[in-house]
Structure formats: structure tokens, C-alpha cells
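A, B, C, D, E and F are the chain letters, set down in written order, and residue numbers restart from 1 in every chain.
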Amino acid sequence: MDFSNFNGAEQAHMTKVLEKKQMQDFMKLYSGLMERCFMTCVNDFTSKSLTGNEITCVQNCTDKFLKHSERVGARFSEYNAEQMQQAGP
Amino acid sequence: IRLDRDGANIDPAKMEIATAELDMITDVFNRLVTSCHAKCIAPGNSTRYAEGELLKGEAVCIDRCTAKFFAVNKLVSERMQTMGGTAQVTGSFGR
Amino acid sequence: MDFSNFNGAEQAHMTKVLEKKQMQDFMKLYSGLMERCFMTCVNDFTSKSLTGNEITCVQNCTDKFLKHSERVGARFSEYNAEQMQQAGP
Amino acid sequence: IRLDRDGANIDPAKMEIATAELDMITDVFNRLVTSCHAKCIAPGNSTRYAEGELLKGEAVCIDRCTAKFFAVNKLVSERMQTMGGTAQVTGSFGR
Amino acid sequence: MDFSNFNGAEQAHMTKVLEKKQMQDFMKLYSGLMERCFMTCVNDFTSKSLTGNEITCVQNCTDKFLKHSERVGARFSEYNAEQMQQAGP
Amino acid sequence: IRLDRDGANIDPAKMEIATAELDMITDVFNRLVTSCHAKCIAPGNSTRYAEGELLKGEAVCIDRCTAKFFAVNKLVSERMQTMGGTAQVTGSFGR
């Protein structure tokens, strides 16, 4: 995204839009992660409480998903920077 | 600060946060319905939908599944705070 | 959700937001239910009309999904009420 | 009641209902595309996407799948009215 | 959708809503199609570049999906027209 | 044309296009995260989530998966322009 041809008011507006979108994204990432780890790790419904194995699995699943998402984000940024440079001045 | 018809104050930031919270609750509820449907209703049925009632075993499963879903919700939320997940995740978007 | 620190105008605003959201939720539930029951029950494409078995399956699937969703909703409300009480005064 | 530039009335409630109806149609259409793709295109192909054309059998399947999807739409909609689904479902949200 | 009981201002408003929705729909169709063809066609991660087979598969997948979506759209229009006529005057 | 508090112009059409572009980027990013998670993390694990670290093989897979995803993005986008996809697709909605 290139906002350089935006005036001050337009940049301020887009910053607000971006902030709202980032909050929504974070919530969606959170609930998506939770659903995914629940579906993968929890398979025993003979009791109401999580087993020790399920707890470990959910914690690892969460850690791994966040690291995965961070790594993909890094590659995504590099790619966008490259694209910007090729389009550049 | 906006005034409504009766002259009372509406704080837009407060409204935005409340709306986001509502969206979050709805999203979690919808995922809960879908997940426990997949765990308790869909798979055990070899004869697919032979009846429209909830079977006894399905009802018990739903209650336990819901309890476990809330426990996972709490676990993941704590884990993300420990990892400083918020900063990492939104920061990783590269903007 | 706790709206007790909202003034009248703010409560009225949130009520409108809530009503709109409930309508959207209902539509999403409806189309999700329909897709799910279609995918599960309809597997024969040698004809344009539903077979007797397919009709029964779709009706049972709909009934069961609504009852499932109702039961989950009841557990969800109980949980939220508990959480509210623990946070409470 | 809002006035547009030409001074004509725009009824916001009417606009909201029309927009919701449009959202609903779009949602149903998207699910129709996805469902019939899964039923008619994806599975039968052991050699995955060996050609870009719709095969004869796929085209016939799409027409039947679409017709059956509309029939299910009608059936579910009637069923939910019989059960008083609207009240139950939105009421079950616990708000 | 029947806009015949809308006045000029209301029709103009809905036309704008529709245009925005069509742009969103197109983007969603695009990204959905891309995800689907990626998931189906790309299965080898021993290298960074697409193989010849993967490229052919993605192109065929894209072509086929667009033709599928076009055909479904045609049936959808016919169905809506029928429904309108039955409701009609 | 709208004026903000400081009297500067905000072009609504420009804002709408920028917002749509942002939505698009977010949507693609989310699908990228999901797709490469399915390809690189989920399936290879017979012992499901025995550790919270990314394994060496997973990290390498993520990098390649991401590169291939961008290549598919480019391929599909070119293909749709060749086919005049835009017109066909939005035109097929029957409105």
C-alpha cells in the first residue's frame, strides 16, 4: 500500500481505518487459532475437564501457530517490499 | 463527541469498543456451535440423520464439548498474553 | 456484555447495533445450516429432484441443528452469567 | 428521514432491509457455488484438472446440483418456520 | 430483488450499495479461487518454484472454476426470474 | 468532497478504493496463513503438537510454501485477465 499521494487528512483517515482493521484481524486470528487448536487437540468427551495431554497439545498448538503466523508475516513483508521496489520511482 | 436527538452524549470510541466486543462474542459463539456440531453430531451417525431429536449421548456430549471449548478459550487467551502475542501478531503484518 | 455504565443515548445506540447483528447472525446461521444439510444429505445427481431419503435427511438435519444450537446457546448463557458474577462487585 | 441532494426522501429502514436482503442473496449464491463445485467438479477427477473445460458430465451435474440446492433452500426455510426457528435461534443467544 | 417501489434517490443509493458489494464479491471470489487452486494443485515443497505440472493444474483449475461459477450464475438468474414471475402481478 | 476538522479535503472515492485494497491484502494474507499451516504444520505431525517450536523442516516448508503461494497468486491473476474474468464473473450474477 502506497499512501504517499494522500494528503494529511486522508492519511489520518486511513490510519484510523487501518487500526480498526488490525483489531478485527487480531480477533479473527485469535478465534481462528482457538477453533483450530480445539478441533485438533480435544477429542475425548467422557468428561467436562481437559486432560493433561489436551492441555499440552493446546499450548503447543498455540505457540506453534503464532510462530508460524509470524514467519509467514515476515515473508509477506519482504514480498511486498520487493513488489514496491519493482513498481518504484 | 456527538449529541443525539435528546441532547445526550454518545462517545464514539466507547461505541466502537462495545461493537468490537459484540463481534468477538458472536464469532466465538458461531465457532463453538460449528465445532461441537462436528464433534458431537456429525461423526457418530453411521445412519445420517435418521431422527430430528437430539439423542441422549449427543446432549451429554454437547454439554462437555461446550465446557471444554471454554477451557481452551481461557488457555489460549492466557498463552497469548504470556507470549506477548498481540504485539507479535499485529506487528508481523509488516505494515 | 455489561452496558450498565452506558447512558441512555449510548444504550439506545447499542440496542440498534445489537438488533442489526442479530438479523445478520440469523441469516448466517440459516445459510450455514442449509449448506451443511445440503452437503451431508444430497449425494445423488442422477436427477433434478430430491429423493424421499434426501428430504427426510434434510428435515432431520435442520431439526437437529436447531436443537443443537439452542442447547449450546443455553450453556453459553450460563457460562457468561457465571463470568459476570465472578467479575462482579 | 434523510433528504438527498435532490431533496428526495431516503427511508433508512427500507435501505437497511434491502441491503440485508442483498447480503443474504450473495451469501446463498456463494455457498451454492462452493457446494456444487465440491459435488460436481472436485471429487470425480482422479487426474486433477487435466483440462480447463467443463466436461459434459460436470455441466449436467451442475444443473442438477443447482436445482437440488434450491429445493433444499425451500425445505429448510419451511422447516424453520414450522419450528418457529427464528424465535428459538435468536432467543438462544442468551442476550 | 425488486426495486420497483423505490423512489429515484433510493434506487441511486441501492445502486451504489450494489456496486460496492459486487467489487467485494469479486475480490472474495478471486481469493477463494486462488486458495482452492493452490490447495488442490500445489503439494511439493522441495523447491521454491512451481513445477510445470503445478502451473498447468492451476491454469486449468482457474479456467474450470470460472466456467463453473458462470454456469451456476446462469441457473441462479433463471431461478430468480421464475420466482419473481410466480410472485408477480 | 468532504472537509475534515482542519479544512483539508477528503476524497471519499479514493478512501473507498484504499479500504477495498486493504481488505483484499488482509484476505489474501489470512488465506496464506491458513493454507501454509495446512501444508506445512498440520499433516506431517503423527504425534500432534509434541512441541511448541517450529521444527527446522517446518520453517523451510513455510518459506517455500509462501513463495509458491505468491506465484499462484500471480498466475491466477494473469489467467483471469486473459479470460476477461472480471466481466464474466460479475456479469454472471444475474443482476
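In this section, contacts are C-beta pairs under 8 Å (C-beta built on N, C-alpha and C of every residue); 3 or more make two chains touch, one makes a residue touch a chain.
Treat the numbers as computed from the prediction; the structure is a model and nothing was measured.
Q: Keeping to the contact definition above, tell me which chains border both chain B and chain C.
A: Both-contact set = empty.
Q: Taking the mean of the CA coordinates per chain, how far is chain C from chain F in Å?
A: 28
Q: Take the average of all CA coordinates in chain B, do the same for chain D, and state the distance between these two points in whole angstrom.
A: 24
Q: For chain F, what residues touch not just one other chain but two or more?
A: In chain F, the residues touching two or more other chains are 23, 29, 34, 40, 63, 67, 93.
Q: Would you pick out the residues of chain C that each touch at least 2 other chains?
A: In chain C, the residues touching two or more other chains are 1, 18, 25, 28-29, 41, 59, 62-63, 69, 72-73, 76.
Q: Could you list the chains in ring order, beginning with chain D and heading to chain E next?
A: Traversing the ring with chain D first and chain E second gives D, E, F, A, B, C.
Q: Enumerate the contact residues on chain C facing chain B in the complex.
A: For chain C paired with chain B, touching residues are 1, 3, 6-10, 12-14, 17-18, 21, 25, 28-29, 32, 36, 40-41, 56-57, 59-65, 67-69, 71-73, 75-76, 79.
Q: Okay, in this complex, where on chain B does chain A touch?
A: For chain B paired with chain A, touching residues are 16, 20, 23-24, 27-28, 31, 34-35, 38-40, 60-61, 63-65, 67-69, 71-73, 75-77, 79-80, 83, 85-86, 88-90, 92-95.
Q: Help me check something: in the complex, which residues belonging to chain C touch chain D?
A: 1, 18, 20, 22-31, 33-35, 37-39, 41-43, 45-50, 54-55, 58-59, 62-63, 66, 69-70, 72-74, 76-77, 80
Q: Using the touch definition up top, name the residues of chain B that touch chain C in the complex.
A: Per the touch definition, chain B meets chain C at residues 4, 6, 8-11, 14-15, 18-19, 21-23, 25-26, 29-30, 32-34, 36-37, 40-42, 48-54, 58-59, 62-63, 66-67, 70.
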